[in-house]
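Here come two complexes built around subunit A, the first alongside subunit B, the second alongside subunit C.
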Partner chain A sequence: MTLTALLSHWLRNKVQLAMLLAGLTLATALWSGVQALNAQARGAYATAAALVSEDGASRLVAPSGQMDQARFAELRAQGVLVSPVVEGRLAVAETRVTLLGIEPLTAPQGTAAALADGDLQAFFAGAGFAHPETLAEFSAPPMPLSPSNAVPVGTLLVDIGTAQRFLGMEGQISHLLLTGPAPDPLPDGLQLAQASEGAELEGLTDSFHLNLTAFGALAFAVGLFIVHSAVGLAFEQRRGLFRTLRSLGVPLRSLTLALAFELVLMAFVAGLAGLALGYVLAAALLPDVAATLRGLYGAPVPGSLQFSPVWALAGLAMAFAGAVLAGGQALWRLWHMPVLAPAQPRAWAMATGRAMRWQVAGALALGGVAVALAWFGSGLFAGFALLAAALLSAALLTPPVLALGLRGAARLAQAPVAQWFWADSRQNLPRLSLALMALMLALAANIGVGTMVASFRATFIGWLDQRLVAEFTITPRDAAQAVALEAFLAPRVNAVLPLRRVDATLAGFPGAVFAMRDHATFRDNWPLIADVPDVWDRLAAEDGALINEQLARRANLWPGDSVLLPGAGSVPVLGVYPDYGNPLTQAIVTEGWFDRLYPGTPTRQLAIRTDDPSATRAALLDEFGLSAQAITDQAQAKAISMAIFERTFLITGALNVLTLSVAALALFATLVTLSGLRLVQLAPLWAMGLTLRQLAGLELARALVLAGLTMVLALPVGLMLAQVLLAVINVQAFGWRLPLQVFPADWAQLALWAGLAMIAAAAWPAWRLWRGGGGPLLRVFAYER
Partner chain B sequence: MNVKVFLVLLLWAPTALAQGFAGLGTDATGFAVPERGRALQFPRDHGAHPAYRIEWWYLTMTLQGADGRDYGAQWTLFRSALAPEERTGWDSPQVWMGHAGLTTPDAHFAAERFGRGGVGQAGAEAAPFRAYIDDWHMTSTASTGADALSALKVEATGPDFGYSFELTAEGPLVFHGENGYSIKSAAGQASYYYSQPFYTVTGTLDLPTGPVEVTGQGWLDREWSSQPLASDQQGWDWVSITLDDGHRLMGFQLRGADIFTAGTWITPDGTATALPDGALRFTPLGTAQVAGRTVPVRWQIDWPARDMRLVTEPVNPQAWMDLTVSYWEGPIRVSGTHTGRGYLEMTGY
Partner chain C sequence: MTLLALEDIRKSFASAEGAVPVLQGVSLGVAAGQVVALTGESGSGKSTLLHIAAGLEAPDSGRVLIGAQDMAALPDAGRAKLRRGTVGLVFQQFNLVPSLTVGANLAFQARLAGVHDPEFCAALAVRLGLSDLLARYPEQLSGGQQQRVAIGRALAAKPKVLLADEPTGNLDEATGDAVFALMLELARAQGAALLLVTHSARLAGQCDRNLHLRAGRLA
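On to the complex of A and B.
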């Protein structure tokens, strides 16, 4: 009975109900969508980890990146339980895949599981396994392949002998997996690498997932603003109803319970809808997220989403938590409301002075926290905490600052209508403040992230032009072909620059050491962000190494410091080069030294400098008989790099748009609910002679003014956000720091969008006022108390 | 006999499941088949026979500590061929499996190893004799001129146990069936099968409680074949017994649609007499719950023609080899018309 009375309110206020449900649904959808993406990716890393090792089993590696196969039998004969692995990249038509060769009889359980229903004889004879999505990419697979979900996307699992044959690594193995305890001391010339591939991926991609989670949380918070304002308004509007029910003898307890039940019901409905929407959202975004993770980190993530009940329950729990958070205040106030409290909605709106002061105090406190974090904090989490504190502080400051602005404008106003306009705007500010805070957050996030991405793009393009100077690069099939190619090309082109690398742990981080030939190509073009004098001469004189920015920042190594290179001991850091888009650490030494340190390392790629690319290409294809797929020209390489870059920030862009939409929705919800209450204030003006059309126009104008002011406020906040993203988050997450560049054209575009969003939000209430005629306004006088 | 386990096939070829225990009943197409009348040659036949599908080097030892406490140990190397040949490197179709077992009156330890031929991880070479997988090995220490198997060093380690033995043969090699051609079913499945049942053993057991010096007797079985079981045979019960009077008895029954039994009676000087189907009778006397199964761990073995009645008692009824392919294998004490010690193996339960 009580519940029916309470629920009847929503029947009369369907739009309000829709807003409440939409807010909670959207909040749940964005949050759970992001969680689904994260869970999917993490699951894929676990698959990869399980395949190559058992619960992070350690590996024995050789500094040169590979070792003689005889080491395997030799160690087994000593009772060291190891299993050999051959790993490499294989080009199959248009795609490149990881070829993982294992020895199934000694491999850890996880690997054997991938083969559980396979045929050992066929596996030995050359058949393999691949994820169904990988299989679908081949028109002509390089070997007979069976589908297996236990194999990561982009990997072909084959017998070790098969892998050696395809990779030209006969008699060689990449590393040994330890399936028993580690030997002590370690075997001669081998090192223990603790982290498994999956764990590495997990560490590398953590920043990406934290990024997504932060966006999900932001969207959730913005969504809660909507719910809070809808629940708050509904509470105010039902004060009279509460008083009546209480007067009729309904106990406070029953009334509170009924209201709580109402909230739970809505949370359930909205939670379910949010889950469905979140799933759709995640499924739509997953291919891009997967592509990003593959491109940026080489992390294998399938592009199709799986449903998990745990995820669904967590999403529902989030919806309930959100509803309680947003509606708890209303319940609390009901519990403390005197039986015969006057039904005075305006008191809520007007009790602002003190609240405003509290808000400013809160904002200042949060601002203090942000400053402290900026000063003392370190690590990615501190970076995001700094962002959250700064953003919340700015959001809390929005209404007071807007109030100040409006007060200033009111001073300047002369005409009576103008004076009323500013005064009325200021009076309505508290009711709109939540929605405006949401708008401010969304705009600031847009400006901040947009500035960060644009700054990055500008720097990245310049860097690509410097780095990709070779006319084209060739990927030889094997070491022998690399030697033949070099001999073939030497008389035909200006320079052949071989690329050799060995995997290595640098200052405790996974990475690689590269060989660089002393050549003008590098001396003239290779970008450096810090160096010693005569850096290139000293590098050629084997006086030290160049390291990438990731290594420099993670280990705090700069010119003048020393870095430990495997086999070479401690060598001076001669320079630091930017290395965008690479998650791993790197060091470069001159070619001759490299070959003495890591003898027998095969050439992986050849960079070619030539004045006549087409003739060289033709010679390679026709005379040498190289396959076209082995050649990548400069334009292609740039296009691939840019595509990876664009994909990286596609998700960010999509979430940006969604956040802005949620904020617009919050505004719409508030304005719609306000429009009914505001009749009381508009009626006298109408009575004094302003037309409905003028009144509606003024309503629209106010919306625009507020949007404009909010945008102005959001600008410095957004730039601050961009600065934190570039100087703190990016450095922590990716290991590179970029200069902040400003793009005013983007802001103008965003301001336009904000104005449009505001007009869209205000249009319907204004239109209703205009077309509603004088009737509703007249009724105000009829019912006037 | 010693039609023992081989099981890698079980892992990889599910179709073999329907065909006898561990795929031992599969078709021999393409593989060499034992021939009646072919004389075994040594040292060549101590080594591997890659043209045959399966083969093993199977050593069981009944042991006692200085305090008279009973122990048992098993060291086995199995070979299974995916194709009837040997090739070098990873192309080798030969798959190897090692089993090590160690039984005390109140504990049983088991470990296994897998490996491939062709890369030096596992194999069996005739001269000098060495059968090995990883650090487990059975290596000849015989003097020049003597049979390679007449003196051996045997070692293995598991995660929680290990052992090391020196074995010396006190008698000659013994050939089962017709000079080593051993019939395995009424339908004529056969294998090559010979033994060295006369070892005296000294060695050290590495137990979680510490090392234990032991002495005792050992029995090595060598067998190879391509289709040792008829397809309806689901398992077997096999014993090797050293009687206190110096005689040895090997006997087994194959459980299928019909029971098929065979055995060999060996005098102290190594003279072997083959016991035809039906000469021995196996009767379970008591069962135990082992690894969730009901296993007949006490047996009565009758040889009515000689008025022989033996009763076997396990040293430890829980001697379950809980490995990729699991079976019961452990030391036994023998009483009845004769007394002695021995080893019992039961598969297919």
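On to the complex of A and C.
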């Protein structure tokens, strides 16, 4: 009975109900969508880790990155449990894949899963396995391939002989997997590498997932604002009903139970809807996320989503937690407020005045925490904690600061309507404050992330132009072809600059050492963010190495310090160069020295400087017989880099838009619910001779003014957010620091959006007021309330 | 001189059972300085009639003359303008502007109409016993005080017509009597035409004329 009476409120206030459900649904959807993306990616890393090695398995590597296959037989004969692996990149039509060659009889357990139901005979004869999604990309596979979900996306699993054939590595292997204990001492010329690629990937991509999670949490919080305001207002509106029920003898306990049941019911409905929406959202975003992870980290993430019951349960739990969080206050007030007291708007305002003082105190405390974190904190989590504290502090400060501004405006106003406009806006601020806080957060996040991405883009484009000066690059099929190409091209072009690298652990971080030829191309263009005098001459004189920013920041190595290079010992750091988009550490030494340190390292790429790219290209294709896929021209390289960049931030953009939409919805919910209460405040003005059109216009104007003021407040908060993202989070997550650049045109655009969102939110109540013909207002005069 | 004249006002409301007639040809006139009481059972259409007189609602037919102007013939904006300058309204629920102080409430309509006279307003506040309460907000006042603010607000613009819908309905008898006496006195002093709705025969007895609404007509 009680429940029926309570629920009938929602039937009469369908919009309010819709808002409440929409808020909870959206919050759950955004949160669980992000979680689905994370879980999917994590699962993929685990697959990759399981395939390449057993957990924690280490490998024996040669400094040159290759070794003779004879080493395998030799070690097995000595009783060392090893399994040979041949690994390389293979171009297949438009795509490039990782070709992984194994020896099934000695390979570790994880690999067996992929082979379990395969035809081993065919495998030895040259067939392979690939993820169904990889298969779908080929019109003509390079070898017979069977589908297997145990193989990471973008990898072909083949027999070792097959791999050697395709990669031109006959008689050579990439490394040896240890399936037993490491031999002591280590075999001559081999090193022990603790590389478990899966774990490595997880470490690298952790920051990306943390980013996503932070966004999901923000969206969830914004969604909760909607629920909270809807529940709170429904409570206000039903106070009369509570009073009636109580005086009819309904015990407080039953009333509370009924209200709690109502919340649970809504959480359940909204939770289910949110899960469905979250799944759709994740499925829509996953291809981009997968592409980003593949592009940025080479992480093999499939582009199609799988459903997991754990994820669904977690999402539902979040919906319940959200409902309790948002509705708890209302229940608490039901217990603690004299329900039999009549509604007193002024008393309510006084109570919120006290609440506001607490709010300011809380905001200041959080601000202090943020400052302390900025000063003393280090690490990614401290960075995110700093962000959370600063954002929450700013959100809590929004209503008091707005109130201050409105009070000032009311003082300055001369005309009676203007005076009323400001005074009335201030009086209604407490009821709007949650929605405005949500709007502030959404706008600040937009400005912050937008500024970060735009700053990054500007820096990145400039850097690309400097780094990609070669007219094109060639990827030779093998070492022999590289030598032939160099000989063929040398007389035809201005310069052939070979690219050689060895994998290496630098200052404890996975990375690589590169060879650089002493050439004007690098001297004139290679960007450096810190260097010693005569850096290029000293580099050519084998006086030290250049290191990338990631290594410099992670190990705190700068010009004047020394870095340990495998085989060379401690060498001076001569300069630091930015290396965006690369998650690993790097060091560069001059070519001659490199070849002495790591003899036999094959050339992986050739950068070509030429005045006549098209003629050179034609010569390579026609005379040398190179395949077109092996040549990447400068424009292509830039396009690929930019595409990776844009894709990386596509998801950020999407989440930005979603967060803003959620805030707009919060505003709409609040304004619609408020419009009933507003009638009482507007009716006297109508009676005194303001027209309905004026009143409706004033309502719209008020919404716009509040949106504008909120935008003004969001601007410094957003810039602070951007600064933290660029100077703290990026450094921790990616290892590079970028200069903050401001883009006022973007702000203007965002302000326009905020205004539009606000108009959209305020339009319907205003329109109803205008077109309602005064009927609802008359009821204020005519009937008892 | 008749300041308010209603001529053959008809009004019906749509309901599930079709149009329900509420007013079926009501005519009345109120002269300057005259006080007319309107009585009738609950639901007989008194409020509706007052709303029509104030231009808050349009009649189905008939004329609402304020001075020489027909309120009913004007569009919404015109009605609002006429109301601003010539009509003062007092309601049972006081209906003050909650976000404005007593002082601002008192002067609001006069300033809106552009006829604000600070001295007159101050004198009015003294007369209504509100001089010490000008900086307060409506919620901080008692019912009687609030209704005095409402009366002051309606009179501050020196309207031709004053319309009051059960102005003492929410007040206790003693307070109601005092407020009622004050309203009559001030309206008469200003020479306004006062049409008021009341349930109390005793209060109606103090008025110049009594009208009774029954079955949509005046008796």
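Basically, the second predicted complex is superposed on the first by the 766 of 785 C-alpha atoms of A that agree within 3 Å, B and C clash if a C-alpha of one lies under 4 Å from a C-alpha of the other, contacts with A are read in each partner's own complex, and residues count from 1 in each chain.
Simple rule for what comes next: a residue touches a chain if its C-beta (ideal position, glycine included) is under 8 Å from a C-beta of that chain, and two chains touch if they have at least 3 such contacts.
Please read these numbers as outputs of a predicted model, since none were measured by experiment.
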item	value
Of subunit C and subunit B, partner touching more subunit A residues	C
Subunit B versus subunit C as contact partner of A:572, first or second or both or neither	neither
First (subunit B), second (subunit C), both or neither touched by A:132	neither
First (subunit B), second (subunit C), both or neither touched by A:73	first
Touched partner set for A:427, first subunit B, second subunit C, both or neither	second
Contacts of A:160 with subunit B and subunit C, given as first, second, both or neither	first
Partner chain in contact with A:121 - subunit B first, subunit C second, else both or neither	first
Touching residues on subunit B, where the partner in the complex is subunit A	8, 11-14, 82-83, 89-91, 93, 95, 114-116, 119-121, 132, 134-135, 157, 159
Residue ranges of subunit A in contact with subunit C within the complex	344-347, 415-417, 419-420, 423-424, 426-428, 680-681, 683-694, 774, 777-778, 780-782, 785
Subunit B contact footprint on subunit A (complex, rising order)	69-70, 72-73, 76-79, 81, 103, 105-106, 117-121, 123-124, 159-161, 164, 170-171, 180
Sites on subunit C touched by subunit A in the complex	47-48, 51, 54, 56-57, 76-77, 80-81, 83-85, 87, 89, 91-93, 95-100, 104, 107-109, 111-113, 137-140, 153, 165
